[in-house]
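The letters A, B and C name the chains in turn, as written, and every chain counts its residues from 1.
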């Protein structure tokens, strides 16, 4: 494999890894599979388009504003919708997220139409290619994506392991009833998990938008990242990172050596293989299968 | 006559709105006493505790009639965290710790809410005083602890929630007699040092009656006998039916020993 | 969660004299419809009949046997593509293509069903999702290879000199197929297979303890459901005279899932009601769109998406028993019986 291919794999890994954090956060804390995650990421990207329009001279402000809106969006989704499914059958909750995804897709097109947007252009930024090694280059936005993913993973790890809120979230994920009994308010923890989830999704969406624009089919990338999370074991961040690498490598290899059309289906082939061999993923536990 | 800390009146609990588990349970727990709730599997002891603690949603059960009053306030069908905030803390029978958190993290989680920092530190010091073994076990994952160690961690976590009423579900289940004896002694000292009240559910009546002041015997969702621990210990029925459990003797129904008027089953 | 009482109702439907009269009236209305309806209404009715086959198939699998599947679109596509490929490559007539589609459906049902032997609930749904993408990819590959990127044109089926192309003729054909699907469903519900599936849905551990060969019945459920769906897909290809892989998206699957949820899980009548609702819904939205400002009116499909999402959420939150649940509740005052159906936990 040439170094350029390796670089491409690294970039794609970063994309899937950043998006996967959302799946993992929500699943680990509240046992819900959020199949609207791709659409939420897309809305995050559209949010950047909106803030870019307002603050075209101040990109950092626009990015920050959009990211905060992303965080708030997740909390709102929980408080308004998902909260009512807490304690209900998991499958019903997942079906609601599917319905939410459809709703968001419709709303996005109604608000922003099917036109393609380029926030980078709005900022007047050319997204130059960056030379990372001899004969290897990636776009600046892609480089930012890789860096950001590493930062986010580091931040999440520190948060979950060493802060009080982080321990509470892990506790709530392991034993919700006991957590409630020990004084942890589940609704609060879940709302925060959703907020963090859409926050990272918005970050991913924004960087993708800066790299290649926004349009309504962007949500597919979110769905393709799901197998990466599953390979890792759905409730493990480390697993999601490794899973992303596996899926990204398989996808790039397939595009390069077999057939470019395979790009959308390879993640799901990996998914099927994992489900056939080790359904609970690399770092999950067998009991997970029975919980749902 | 002092007011009871916990007053349960005619409590009825139904599962899935159909299967009735408690048919009108009434009990009183006086402040700073240890009260034992005895009975076989399926007698309704755990259900009673769960109703009091708010843990009841676990099996889609609900209090359908009657009341539970804690310090004068009604607490039935309230969410668990609300009851914990009031000072009603449960040590459940199963899933009593967070298995993938360390002992230290388990204790951190428990100490989160109510008390102020100084109070918290006091409580933490007390917990390590009651359970010195926990200090060495701090970095260990709770899921890897032995049964006795896990029970100590569960009790310690409960104490850290600053309880006024501690509910313990099956203290002795699955533990060796020597461990159980040790735990009951510690439970007594906890009651003494913290001046708290304890409601203890136990299949093993012998264990419970050594440490309790008062006791209730439940059968098929009803209270069939109650009295001071010393009185209960002497009752032939308790001895024959329940004290033999540790050695695995065949359990007989209390009703089989004392013919009583037939009551309709729920 | 038990549909024991709906079982009793089904049996009663054809048992009592009053039920027989109602059945006769309904039959008469169904037969009369193509002669009194406008062409537009007739086409709608045809679409509903066609959708009801897929809805019944999904209801058998998910509502009855409790096996979650998100593979409906893939199976519909497989059936449709069988027709497309056979017609285009070898000019096969319908009495070859339809059985071929059914056979492919059965084979795919086996494949889609294999994960169910090890996985349950969410994980099973995910595996069927994966298979959906694989099927869609294969269809896309075929289209790309055969340089007909816009899809495959198909002639209407014909016997002798007569071609099936009028709406009215289609109505009776689809009515027949739909009635067949209905019969299969009702029968399966009563037989040992149906009872086994219901046992599966409740608790497969208990089912296997009762001596039910869980594996065999799970696979059978998938195969029967997939065969029905593939045949529906084949009919769809002939009905539209056209097949393109774009039509078989995840959204199509979600629509079928919505049919059984909105109609009411685990109920045959629910599947039919749901099919009607979901098919007619976009037209209702389109009618409303006419009254909205031009901007919204222009992207009706987006409005459709958004409205559909809202309705699905509302049903999932407020009325998990679906339309059947609503009907049963309003009818409860009359006969005092109480039933509930909902999403199996």
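Assorted remarks:
We take it that a residue touches a chain if its C-beta (ideal position, glycine included) is under 8 Å from a C-beta of that chain, and two chains touch if they have at least 3 such contacts.
These numbers come from a predicted model, not from an experiment.
Inter-chain contacts peak for the pair A-C.
Chain nearest the geometric middle of the protein is A, using mean C-alpha positions. For chain A, the chain with the farthest CA centroid is B.
If you average the CA atoms of chain A and of chain C, the two centres end up 32 Å from each other. Mean C-alpha positions place chain B and chain C at a centre distance of 52 Å. Once the centre of each chain is set as its mean CA position, chain A and chain B turn out to be 43 Å apart.
Residue ranges on chain A touching chain C, taken from their complex, read 33, 81, 84-85, 89-92, 94-96, 98-110, 113-114, 227, 230, 261-262, 264-265, 268-269, 271-272, 275-276, 279, 289-290, 292. Residues 68, 115, 118-123, 125-127, 129-131, 133-134, 136-137, 140-141, 144, 251, 254, 257-258, 261, 296, 299, 301-310, 312-313, 316-317, 320, 343-345 of chain C are the ones touching chain A in the complex. Against chain A, in their complex, chain B makes its touches with residues 53-55, 57-58, 79-81, 84-85, 89-90, 92, 95-101, 105-106, 108-110, 112-114, 157, 161.
Across the complex, chain A meets chain B through its residues 87, 164, 167-168, 170-171, 174-175, 177-186.
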